[in-house]
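Here the structure is laid out as structure tokens; the discussion comes afterwards.
Per-chain numbering from 1; labels A, B, C and D assigned in written order.
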Amino acid sequence: MHLLLDILSAMLLLSGAFFVFVGGFGVMRMPEFYTRMHAASLTDTGGAALILFGLMLQGGFTLIPLKLAAIFLFLFLTSPTASYALANAALLSGVKPACRNETGKAFPGEQPAKPKPKRKSASKAVKARKSAPVKPPAGKPAKRPAKKPTKKTARKKS
Amino acid sequence: MTLYDQLPALVVAVLLFTAPIAYMLRMHGFPWAAATAAVVTSFIVACSLAATAIGGETIIYEMGGWPAPYGIVLHIDALSALMAMLITGASSAALIFGAKSLADEVGEETAPAFFAAWLLCTAGLVGMVITGDAFNIFVFMEISSLSTYVLISAGPDRRALISTYRYIVMGTVGATFYLIGVGFLYMVTGTLNTADLGARVGQVEDIRLVLVAAGFVSVGLAVKAAVFPLHSWMPNAYTFAPNAVTVFIAAASTKVSLYVLIRVDYAIFQNSIANHEVQLTLFLVPLGVMALFAGSLLAIYEKNLKRLLAYSSVSQIGYIALGIAMTSVAGLTGAIVHMFNHGLIKGGMFMAVACLALRYRTVNVANLAGAGKAMPWTMAAFVMGGLGLIGVPLTPGFISKWYLVLAALEKGWLGALLVAVILISSLLAVIYVWKVIEVAYFREPRANAVPVTEEAPMVMLIPTWIVVLTGIWFALDTSVSVGLASIAAKTLLGVAL
Amino acid sequence: MEWIYFVTCIAILITMVLAVVRGLAGPTIFDRVLAVNMFGTKTVLFIAVISFLTGRPDFLDLALAYALINFIGVFAVLLFFQSREVRRAAEAEREAGK
Amino acid sequence: MMTIVFSLFLLTMLVIVAVAILRTENLFTAVMLSGIFSLIMAANFFVLDAADVALTEAVIGAGISTVLFLGALALTAEYDRSPPVGTWVPLLTSSALGGVIIFATFQAPRLGDPSAIVHQHVAPWYLEKTPELIDVPNVVTAVLASFRGYDTLGEVFVVFTACIGVMALLGRVRPRRDSIKEGEFKKATDNLRHHLIPRVVGKMLVPFIVLFGLYVQFHGDFGPGGGFQAGALVAAGVILYSLVEGGVRGRELVPEWFSSVLVALGAFTYTSVGVASMLMGGRFLDYSVLAHDPVHGQHLGILVIEAGVGMTVAGVMITIFHAFSRRGIR
């Protein structure tokens, strides 16, 4: 019984470790922001769940599995929420998902979801900025245009 | 436990207890009254501690009842008692003096925070001088620096913020250096108590870490004390702070860092590092001499009266550094007495400047023409202070310079050179003091200037003159200041009393 | 069991390095935020595993604190960009009005 | 061995991230990288078994300071405009200093060496006497709250002073006037109410965070934690609520006067314990006299001062956050 638990939790831990690593690799290698986020957010939840379940099996009948379960629950709630907030922030400030059709030519991603009337001005700003990119402050050669959506970079990498 | 036994803790506890109250109760005028009451109480307690310490007694007070290397102890000897007296005295004088000017400059809305910061600043400075624990010094150094930033930034001029920023950067660097040094010391000795450190550092076999620690601590404290090339934060901080704040910090704040420098170098490193005197001399004498000249010269060419006095402080700190560097009883006595006397002199002078600023609305030397006639009492107080800076007999400045010269003469040809340096810098002090006197007494006010006919109000004039007269009293009767200082010097150098 | 914990730790550490690389490389600021968020989750896992490795499972409290706190920063990021966009839009409207 | 491997790994990353923070000109990037920095640091503290410090670093460094940095960033430009000239002298100075420190530490005892002097002098006494004199399982709490309680008192006052300082700076400058009408502007920029998922999840987690804060507060005698961490956690809960529901509602939940009074009240509580022990015939901060049994008195004293610490820390975080969010930007 003990051995069985050990084997099971080892499997869970190792597969969790593999998931986590794959997620990291995806964040490293994916071509642009939204795909990276996809890689990160999936494995954040999946890998974490596997590892935490693996540990839970080792905890015995104490408070430990309970704490691990709480950690899992909170991660399960917060991690996707954080991803949502992040994606929303990116979309709001004009980072577009880079998609491409068969000809290899990139086309702009879909427009952000129909804005509620409350946020009318915000989406207008997004449109306005698309036509007139914001310059970095004068006298500052933007070596790394971190602020600007980088369709170009993304295309080059893929 | 009688009240008498509790006195050492009370010096700080009264201030720390009142600060949150002054912050929370936002009644009109209450913060000032609470602050003044607490600071004056603390001053009285400090005086009674000094009365004990003048007998050569060292008071040890165990905080929380835990014995020395395990808990934190307060360690009050002649030196700490003298400094505690100076700090709380300067704080009370500046508060009473600044009752009106602070009300104008600070405003009703920010008064609770300001006076809480004032109490905390006093508590931080006093806490640094009475504690017997190297890390505790750092904690109270943080309190005093942070609250000093608040006090300075309350200045009416927007430039106060920028000078505060400079001060924050330099002050943080200094405090961090001190902390690194203390960390190394803890690493090699396993203790933080100063007395215990002094004993255990001597047993360390490989002193490389101790040397580095000594370097970090000394440089860090030199930054906080505005010893010459590290002084750059000071002039603007003094200039743009509210006037009463300048009185307080000019009299007390840099002196405390010098106190810690003396304490750490003499009580911890002196007994344990071979040739420590030589290192101390090599470190401080050049800095002191440079400070004497550079400070005086900068003061001579300065047009703003507050900044002029700040540069003069740079040069006066040079004297103290020289005294510390001499590692003799006379030199150390001179340094300690000068810390005390310079606090008195500068406090009085900045009070006079505050009076001038109240009437003239400016502290540019050129605009003060005719002040000698318009505000005779204020200018007389200023002149008395100026004479003290120069070191004329019958002023407190003379006493300390006398001891410094005595100490220098013990050192052979190098000493003779130092005597010459001290004399020349005194002459330079004559020049910058005269510059102000000439304008104030012998120059007619400009035609288009608003004529000033009124003397400063009595509530400001009387404290100013009390401070000036106290200075003269300490010049005539040196039993308290020199008495405490020589006991302190002998204790630090391990000479029999 | 020891070595399994160890391997898991190493895998998490390597993932941390990858996250740091993404955080340093950018290119957009959101990549950096993503890296921080991911790093935070990995820290939770790292602490959880290592507290088993060193046999001090009571330190799981820390992991719990991380799991609760870590995402607040991302909310602040969202709010930051939202308010910035609204302000820019307002400025654009004002300029258009002139 | 394992400790050293993990530590080296983390410290290497730490150095790389630190250099990157220095080199970046985009302040937003710097904020995010310093978030990573504190996470690495916290993990490293944990590897070195310093759980209390790790918890503090986690809550404050990774959680709250990012929020406060962003609040500060909203008030300034996003790019660092320091002039590129004159970097040589600081660079040389700091490299020389680093060299000196490294030179000095060659002589330092090895990591975790039980025969190092640090572990020989006062530490054994603490470990030996704590069960007998104070009787709390967490020796760190015993040292911080009782043996060196005067230092902790000082640190609480440092926090109090820092609060006064921040308020002096942020309260001084008038909020920037914006062309939009105040109310509309607030509504649009102040909150995340129209984001459904963050709103639901965020509000759901607030009570858990506060509850966990209370757990850390009262469990500090037994495990890692204490007033500092608990205060920061409770403040994090309030900050989360204000982010989701908007600063206006956040200030309704915890009014500004309340949070700023809380700061002073915490410091006051701590000092009062000291004064009370003086009045009851002991030394300042000697908790033993507070009850008939000295050990019981120690427990009581530690409980009260930890509460004071928690109040001050929670108050200061909330006050600073409110000060940022009130500036009309959020």
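The rule we apply is simple: a contact is a pair of C-beta atoms (placed from the backbone, for glycine too) under 8 Å apart; a residue touches a chain by one contact, two chains touch by 3 or more.
For clarity, every value in this text was computed on a predicted model and none was experimentally measured.
Remark: the per-chain Cα centre closest to the mean position of all protein Cα atoms belongs to D.
Just to note, of A-C and A-D, the chains joined by more C-beta pairs in contact are A-C.
Summarising the inter-chain layout, the chain whose CA centre lies farthest from the centre of subunit A is B. Per-chain Cα centroids separate subunit A from subunit C by 10 Å.
Averaged C-alpha coordinates give centres for subunit A and subunit D that are 28 Å from one another.
Computed centre separation for the pair subunit B/subunit D is 32 angstrom, with centres defined by C-alpha atoms. Centroids of subunit B and subunit C (each the mean of its C-alpha atoms) stand 47 Å apart.
Across the assembly, subunit D contributes 26, 28-29, 188, 192, 195, 198, 202, 205, 208 as residues in contact with two or more other chains. In subunit C, the residues touching two or more other chains are 16-17, 19, 26, 29, 32-33, 35, 61, 64, 68, 70, 75, 77-78, 80, 82, 84, 86, 90. Shared interface positions of subunit B, i.e. residues touching 2 or more other chains, are not present. Taken chain by chain, the contacts fit none of the simple shapes, being neither an open path, a ring, a star, nor a full set of pairwise contacts. Inter-chain contacts, as defined above, occur between A-C, A-D, B-D, C-D. Put simply, subunit C touches subunit D in their complex at residues 6, 9, 13, 16-17, 19-20, 23-24, 26, 29, 32-33, 35-36, 39-40, 43, 46-47, 50, 53-54, 56, 58-59, 61-62, 64-66, 68-70, 72-73, 75-80, 82-84, 86-87, 90-91, 94. Those residues of subunit A that touch subunit D in the complex are listed here as 74, 77-78, 80-81, 84-85, 88, 116, 118-119, 121-122, 136-137, 139-140, 143-144, 146-147. The touching residues of subunit D, counted against subunit B in their complex, run 100-101, 103-109, 117-123, 125-126, 129, 146-151, 153-155, 157-158, 160-162, 164-165, 167-169, 171-172, 261, 264-265, 267-268, 271-272, 274-275, 278, 281-288. Partner subunit A is touched in their complex by these residues of subunit D: 25-26, 28-29, 77-79, 81, 187-188, 192, 194-195, 197-198, 201-202, 204-205, 208. The touching residues of subunit A, counted against subunit C in their complex, run 6, 9-10, 13-14, 16-18, 20-21, 23-25, 27-28, 33, 36-37, 40, 44, 47-48, 51-52, 55, 58-59, 62, 64, 67-68, 70-71, 74-75, 78-79, 81-83, 85-86, 88-90, 92-93, 95, 121-122, 124-126, 128-129, 134, 144-150, 153.
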